[in-house]
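Take a look at the structures listed below.
Below, chain A partners chain B and then partners chain C, in two separate complexes.
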Partner chain A sequence: MDSTQEYSPDQEHVDGNALAGALDQFVADLTSADCMCAGCGTSGPLAAALLYRQAPGMVLRCPSCTAVLLCLTDQGDRQILTVDGVRRLVISTP
Partner chain B sequence: MATPTSGFTGRRQNRGANLPPGQYLTDSFPVMSAGPTPHVLLRDWSFQIAAGPGRTHRWSWEELQALPQEDVTTDIHCVTHWSKFGTTWRGVTLDTLFEDVESDAEYTMVHSYGGYTTNVPLDDLLDGKAWLVHEFDGEPLPSAHGGPARLLVPHLYFWKSAKWVSGIRMMDQDLPGFWETNGYNMYGDPWREERYW
Partner chain C sequence: MRRTWQTAQVSAARPETADARTIRLRFPEPVTGTAGQHVDLRLTAEDGYQAVRSYSVAAWVPPYELEVTVEELDDGEVSPFLVGVLAVGDDLEVRGPVGGWFTWTPDNGGPLQLIAGGSGVVPLMAMLRSHSESRSAVPARLLYSVRSPASMFYGGELAVIGQENSQVRLDIAYSREAPEGATAGRLTHEAVTASCFPPEDAPAIYICGSTGFVEAVSSWLVEDGHEPARIRTERYGG
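Let's turn to the complex of A and B:
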């Protein structure tokens, strides 16, 4: 957006709450999702990626280029997920 | 802060005074691994300090070995709750490496072969508080523990002591590295139990 322009509310969007139902399938079935690595572009099921967990968090890496796909940190009262290395997730819904 | 519930815990072993809150003592040396172990040939290895455009200082393996070496005995504390006392290392103090580095930057990003990063304030690397080590327990540092060379900053949680270290980049502001982005503390003082944000 041009810095001289101001954001004006529009009628085209609703708030993010409406996404909740649509995301349920991903959350329920994430390991079966087909994942594209943002680093090398290779796609494959998340379940076939490389999980390293002898670490302060769980690190999932691309089996082709070993770049970090995602990292999940368990702090007890807070779970933190970063997904910098994921370009796309595909879930098949028969 | 942990609330003492009994005097017993503190007196159980007199070395308890050296154990930061929330830590347990181990005699083993757990291998922490968030990715594949990079294998760097010594002839290809280098360490660099990037202080700004055109101000990069670089050392080859031979040049590192030619610098004054120090033997260090220190306790180490991993954020996954284990501590190990009296570990012995050999390497070069960061004071030596920063001797000719001119920069006004107060923060650093430590980089490793394999892509790992962690942020450390410059003050915490100087005045005898940090080393670039290449020996553990009298032997060449095994790759599983960060060899050929790793950073050793023992007064901070051990994720700051980057394995397979390749260089340090000076920064004007404190930016998060890998674990800091993933929920861990920007500073990481084990005595103040600075594990998370």
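Let's turn to the complex of A and C:
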């Protein structure tokens, strides 16, 4: 698909607003979520990855290849989360 | 669980060892959680500088209270204040209890194998207390590695649990100084193997201690044939 293609009205989508309920379950404990590293493809719970807290933000690295999975920076009134190194998160919903 | 910071009050405190202290925190609303969880404590200096540290919950005291045990680190920013300065009646900023991975509840089943290095015993003590309070029929073992008898946390209570609860076995390993009748020395692979449930019992294993301790013990257990997915670890850093 041409990425410069303009949006034209269709019947297939609704507003992202409708995602609110489905995303609400992500407020469960995320450290138990199974995370696949985008670098090496290894999966494991976030709780078992390597967390470095000495940096200005918190940096979570893959325990297998040490690539950066995610960074979380606390700026007081906003939290900045980058997840470039995460290919997939699997969250168990009981 | 509350996701934002709230203010808890120190309602009691007692020394655990010469450089560790158990602090009871009273929350403004009922607080519940699971053994193995931790709370984040935030201190703010007069110039606005903030430091956040995580401390495992040692005991739940429903409905409003819980206890943490803090060991003073020589180069610590937060622990010297919590151990030496903080007084009953003071307020602390708290977030949590949080964490859902390094946790155990009685209906998780077992056998339950706990392995602690030094102050790593704190979250495992919460699990052992939960096990005892629920009168769980699951066999449980704690292997607790300490430097000396004087550096042991919860000594009296552990002795009572070990004597009164036939489901629980306690093994204390002394690394530097041992009481009469025991010998001191580095924890060995053989000692860990001898203390643990065998792999064929498929125990749920929880290891908490310094990074070096956790790495060594978990690699020995994998060598022994324990399934890596049955081993959960928590490094307290250092």
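Everything that follows uses one rule, which is that the second predicted complex is superposed on the first by the 90 of 94 C-alpha atoms of A that agree within 3 Å, B and C clash if a C-alpha of one lies under 4 Å from a C-alpha of the other, contacts with A are read in each partner's own complex, and residues count from 1 in each chain.
The rule is simple: a contact is a pair of C-beta atoms (placed from the backbone, for glycine too) under 8 Å apart; a residue touches a chain by one contact, two chains touch by 3 or more.
Predicted model only: the values in this text are computed from it and were never measured.
Peer 1: Quick one: chain B and chain C on chain A, clash or fit?
Peer 2: Once chain A is superposed (C-alpha atoms), there is room for both chain B and chain C without a clash.
Peer 1: Per the contact definition in the header, classify A:A28: touching chain B only (first), chain C only (second), both, or neither.
Peer 2: In the superposition, A:A28 contacts chain C only.
Peer 1: Mind telling me which of the two, chain B or chain C, contacts the most residues of chain A?
Peer 2: Residues of chain A touched, chain B against chain C: more for B.
Peer 1: Let me test your reading of the model: by the given contact rule, A:G41 touches which partner, first (chain B), second (chain C), both or neither?
Peer 2: A:G41: touches no partner chain.
Peer 1: Tell me the contact category for A:I80 with respect to chain B and chain C: first, second, both or neither.
Peer 2: First partner only, chain B.
Peer 1: Tell me the contact category for A:V68 with respect to chain B and chain C: first, second, both or neither.
Peer 2: first
Peer 1: Applying the document's definition of touch, where does A:V59 land relative to chain B and chain C: first, second, both, or neither?
Peer 2: first
Peer 1: Please give the nearest C-alpha separation between chain B and chain C in the three-chain superposition, to the whole Å.
Peer 2: Across the overlay, chain B reaches chain C at a minimum of 8 Å between C-alpha atoms.
Peer 1: From the superposed pair, tell me which chain A residues show up as contacts to chain B and also as contacts to chain C.
Peer 2: Common to the two interfaces on chain A: nothing.
Peer 1: In the complex formed with chain A, which residues of chain B make contact?
Peer 2: Contacts found on chain B: 30-36, 79-80, 115, 159, 178-179, 181-184, 195-196.
Peer 1: Please give the residue numbers of chain C that touch chain A in the complex, ascending.
Peer 2: Against chain A, the touching part of chain C is residues 3, 98-102, 232-233.
Peer 1: Looking at the complex, which residues from chain A come into contact with chain C?
Peer 2: Contacts found on chain A: 27-29, 31-32, 45-48.
Peer 1: Quick one: in the complex, what on chain A touches chain B?
Peer 2: My answer: residues 50, 52, 54-57, 59, 61, 66-68, 71, 73, 75, 78, 80, 82.
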